[in-house]
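Chains here go by letter, A, B, C, D and E, matching the order in which they are written, and residues are numbered from 1 within each.
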């Protein structure tokens, strides 16, 4: 097994699939669909092989693959995986396969382009998680943008163009400034060492210790890119628009993986590369996270549109991720990681569920819904399940992350934890209120008007959600499955930034 | 050649050269000004020839007799004539001032005065490091030797040759009248469309507020 | 794995298995949807009883009880939470109440839910609840308990909202969950605080939080205020779950659920979880005297507050709900004054008689065709005698007339408050005892006695419920009658006191309560007389006003009294406007805030984003104008540029 | 005497070959009038041959008969790596432009021969500019480059817009030439020489202690203005949108890259090589021009509805980006690595930009093969369905122009930013401004993509068909755009080329 | 005065400015072209002036002037060709009326 370039495989298999699809006749929708699903499943299997062979006890990167790329700048093709990234990779491959399956029904036009876009999206996403070279990372980072731009822009809703351009521009501004930061960092390395070799190598840079001024600004550059992606208040406004307009599978990936790119970036790059700056910036970030947590939840309360509600809930939930990372405690970071995985599963599922109802009603207005429980029992049950998971019911995945973050934050400063914990109440409020309005009560006139079109979920739809249910339960009851993966890298990370925290007067 | 003139201009105590210089300069500037402000463009053309002639005289005074000759031959003999022909081809004689001058001529005047002031101030305040007090002469033979012996000018001459050829080939193509009507549709057909219309795609207002309206754009 | 541990696990595994199975195939069992859930519950009850026997009577697990770990639930570096369980005396006592009432309610539901098409869901939820409740009492660490805490909340949510197409039920369910979440907010923070302070979340053992926290306080590692803070945060959770003022608002609304649910969850088991938890956490609370006072105050205030509302409610279940609040208030008052055993004792007795009362009321409601308004009842005692007699037992028990169950526990609470120096608690408690008798007999009178106000159409159809419902009533009547004597006699020296002696050792040490002999002919006797008198006065007043035989005089007395006490009456009738206050603060004001924030988000935050975009575009459109299309303008621009550059050059040149 | 030795022949062969090719095209046209395909074939074959010749001659990194810089004609022309690199680039530009020509010209009844010949003459000028080592040659080459350019702009002579663009271009161009020339003469008077190396030597020597004479400073100002005009830097860019919009589309493509790169060659030879010693004096202006140019270009491009005009403004913006590299050179300390990095950025950007921008214009031209197709952006509506391949290529070029990795345009920005960061200080802000501009630019580039993929074409829109030459050219441009970014050996080759070219200047 | 470099340069500057003014103010394309010719002549004058007072430049200046003349001729050719072409299209030599393309 060890001879196979597993990481390269898992990154570029989807690209291979996309290439294959490019040669399939355009009107053969089913061939294309199955080819895409097959590709994503093979990728998924490869990612599982990776997971099985992964040794969680090591902190360092495994399966590292290195090849020279542009030696003049020390740019390499370098992939590697540690406990943090492998979980996200598997999440990505899983959600991609599910999303592709979920697109079988809704996507009826330009299936070929759609599937190619989706597979290329997977390439970018997996690549971001695996890249160990700053340059390579940046390439994958931008690669994610284009397919998503097309997916929202072509297969999206009525106001899709506005949403997709906003999404791209917003993300691009962040990432371009990140590019400046990457280059500044590399150059600073070059000046200090006199060589370009290793100037883009994550592993080399990580232990390098840049000078404080550079750290401060480079951190700002990276942070902006990631904060927009997460998204943190006040950079979040692209998210509701993008979610509302994106097709269902797009929303799933957007919420499930794309937002994680931001969290991952903060954890992988912002903190370890610039520990001093991270400590310096932490108070601001914590405050913004808290605002995001509370604000997202409060705004979610009054959303009239299901997708917008879930989108704002993402703002709230992802606030826990940034909060957890920047309190610099083991529990906080563990919680942030757990929260990312859980949010990926749960919010992904919620978007799938919204998609199911949208496909039947072509509407997502909460006010027009009501009484689904009687007509769509299976749907209502699964919906309820994920609503509960999302509000952090213990025993399901969403709880562990949130609670760990609260514990970590409490360790940092109790008041912070108190504000964050407000989300427990608010989350219950907006989710249950929404659930009550959609599922309980008498069947609304609008829904009654749909008559026999209002059918319960079919087998394919259940199949898309079943793995997510299983994961939500499994990670709720056995969070150790994940925390063990994260443990070593997180300890490593915290040990690395400990001097900076100490220097800043922390514990 | 001794005309028995006094060494300097009487009363003014100028060198005769200076007087000649002033005269030529005066003529040249006057002609040049007429070129740019004359209403009748044909006369402007003629004034230009005059200015060039005066300039040729100044060249000669500055010791560049070859250039002076070339000035007469090329500028007066070729370029000016060319321009006059072009005037004839395109011109409907003189017109009122607003046809001659752009409405913003005064701004142009200011700019020109500015340029003049700047240039004059800067050149006067400059100690040209290489200058000598005495005016030098450029003997024709030396110039000729230089032109045909110095590799630089040999090369330059070749480049100029190509340049002129290119100009001629292109000029002929452009100026050549073709009797045939254009087989293809002309882009002029779309003049109206070229005027900027304002159905620009602008960022609409927040989607939640007027999504439907924004989408119509 | 030892058998005992397997048995403990099966206590939880059986109900959750029953839940899963019923959820999956229950629908196909049609009217026999109970076929899985009820047997499962009976087996669970048997196992529980075996464990209770082993714990309390055999002492097989020693004084510390049985503790074991299943697996590491959340391993996150230093932060390790195990899935560990314990069966000790306190748990065993809880098991008695929980499984017995639970089992009986299951059986009762066979009859009660027989005609509801969603019965399979009902039984599935009931099993889910039993799982959660058992997990709650068996959990041996804070977080696992918290998980169970939330899961019972979930079951409660599902069961309250069981009739989902009723808007009021859906709203009540949501309200219950959210209000509980408010409590859990504090609870979660409390847990975080515990971990931050001592680095463990386990309850027991030498490395458990209950050892380490007081130790830390002793060794000066933490300030007293921190202990108080932790205690109060944890207490917030208890307030939510046990519906203490001001988080009491959800419980009356929760009566929207089917009546067996009210009996099981909202009277006998779940709402007691707060009491259980505070008792469980007695080492923490007893180390924080300030917190104790607050607990006592909240408890006793809730007791009188709820009782005052119970006077005027017309809905039979709501009266019982407020009564439950009031009794829970008693329990918290007991906890607050340090009478932990008394609190648990009252929890047990209350569990039985309140379960009985609720099931009885269900039977009544069933009989009058889902009518809950007591003004449309009356004179039912002949038509549904079993229900009547069992409920009467319950009413006397709750009123505190000896020798029924309620007397012993309530008397102990009042007595200990007095003796522990909380005379004010005692005083209010006595008043509440009067009120209890009064409102209970108001209920009995309006429901069973006097002339009938039942709708004539259904008058003839009223009949006693079937055996599935009456047998549980009869069974429950037995402990309501006797359990006080059985486990609480002699006073302060009954079996329950022996059982729990070790559990509350810590608390006694911390509070420094000396354990004086019970003085029947001393202060204790005097206090007992006072409480008997109070109960008697209450019952007497109830009979006086609402009578066994409803006569004109009764009504006139009531009317004249309400006229005299007009403000109090109106306040009580409107539940002291608490629901309106909540509506105002959370729904109206909160909604306005949320809408304002949304506006802010769309207009200001997003507006800034779009504004920057728009500004960029309009700047571009503005600059665009300089491209006039006229060469002279361009040339002028170039010349101007040249001038600017030249002048700048002049100034900048060396 | 003039020694016509082997070196002279070798050094001058590529531009001379270009002239020969131009004449050959005219002769072929005279012999066989109207054979457009033949002309295109001859021209492309000639370009390819000359490219091969250039590679053989060198001096390129590790290749070429020449191994180092060669000065001929008494130092008037130099063939160093910069010359060779630019020759190759100009030849590639010529090849692509010639390939893109016929599809547009033939339906409009315009001959290919004169187009190709003019192109050859213009490129001769450009190539001479790349190697000019004497300001006289520099000026003559400049004129040789721009004069055919004016005529190409007015090539569709019966088209009002084309001639209008041409006359604007011509008038303003001549105006700026005069300004530039005056600057040259003042420099000439100040330094007493026309040779670029000698000017540098004089300036280096004459700067000891003494300040600069006002006359020379005025000369610098005039030169800056003239050069800024030629590269279309703001505020001397006015001619660009009109000339680009009016010109026949393949010509626009050429104009947007050929003269621009050539003008940068001029700046490199004149400002870097000759005026390098006084770089502290002119650098602030370059910084300002860079900032103003990219910002204004992008802002105005935002609201354009005509794609040629939009791309014109976009090319202005790109000028700004290239200027950042120059600014980095200027602002860095003499002999520091940033100096080289800045110049390298200029070269790399020029190369990448040439391919992607030509490609984008080629797609526009291909669409306009059917006369009547306007250059409104709306004519791209539904292209994703109508011509998926063409749309995909357009998307590729647009993404590259945006600077999305791993395409060529990304590397170009990368280089520019990197060089600016190496200098630090104010240049860091310039780098940030560049990135912000890149984000603004994404908006209008993506707008085209919106039309292509997210809007439907009107019912009656005819099918798109493109000729073989265009197809070949598009293929070349696309392959170059991708390969420069993605395929390591190519990337490295281009980097090395840029590096060596930059070193040749220092 | 004729022995003074400054005098020639000032004269050149004046001529250049007059040309500039003409270019900026005139509407007629040919008049603008003539203005450019004036400017080029000013350049030539400056070159000759430098040649007359700088030994190193003495003869070079003349040659530069000659080359500039050639360039001017080529420019005039091209310019006039374009003018004629546009005149055919627009029937006016007034440049500021050619404003179909703007903004």
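Rule of thumb we're sticking to: contacts are C-beta pairs under 8 Å (C-beta built on N, C-alpha and C of every residue); 3 or more make two chains touch, one makes a residue touch a chain.
Note that the structure is predicted; figures quoted are calculated from it, not measured.
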item	value
Any chain in contact with subunit A as well as subunit B	C, D
Per Cα centroids, the chain farthest from subunit B	C
Central chain (distance from its CA mean to the mean of all protein CA atoms)	A
Centroid comparison with subunit D (C-alpha atoms), farthest chain	C
Between subunit E and subunit B, distance of the C-alpha-averaged centres to the nearest whole Å	2
Whole-Å separation of chain centres (CA-atom averages), subunit D against subunit E	26
CA centroid of subunit B to CA centroid of subunit C, Å	97
Subunit A and subunit D, separation of their C-alpha mean positions in angstrom	42
Contacts with 2+ other chains: residues of subunit E	9, 16, 19-20, 23-25, 27, 29, 32-33, 49-50, 54, 56-57, 60, 67, 71, 74-75, 78, 81-83, 85, 88-89, 95-96, 98, 100-103
Set of subunit A residues in contact with two or more other chains	161, 165-166, 169
In subunit B, residues with contacts to at least two other chains	102, 104, 107-108, 111-112, 115, 118-119, 122-123, 128, 130, 153, 156, 160, 163, 166-167, 170-171, 173-174, 188, 191, 194, 196, 200-201, 203, 208
For the subunit B and subunit D complex, residues of the former touching the latter	118-119, 121-123, 125-130, 149-156, 159-160, 162-163, 165-167, 169-171, 173-174, 178, 180, 182-191, 193-194, 196-197, 199-201
Of subunit A, residues touching subunit C in the complex	166, 169-170, 233-234, 236-238, 295, 298-299, 301-303, 330-331, 334-335, 371, 373-374, 388, 393-395, 399-400, 403-404, 406-407, 409-411, 414, 417-418, 421-422, 424-425, 428-429, 432-433, 436, 439-442, 477-480, 483-484, 487, 490-491
Residues of subunit E that touch subunit D when the two form their complex	9, 16, 19, 23, 29, 32-33, 36, 39-40, 42-43, 46-47, 49-50, 54, 56-57, 60, 64, 67-68, 71, 74-75, 78-79, 81-83, 85-86, 88-90, 95, 98, 100-102
Contact set on subunit C toward subunit D in their complex	613, 616-617, 619-621, 623-624, 627, 629, 631, 633-635, 637-638, 640-642, 645-646, 648-650, 652-654
Residues on subunit D engaged by subunit E in the complex (per definition of touch)	136, 139-140, 143, 147, 150-151, 154, 157-161, 163-168, 170-171, 174-175, 177-179, 181-182, 185-186, 188-189, 192-194, 215, 241-242, 245-246, 309
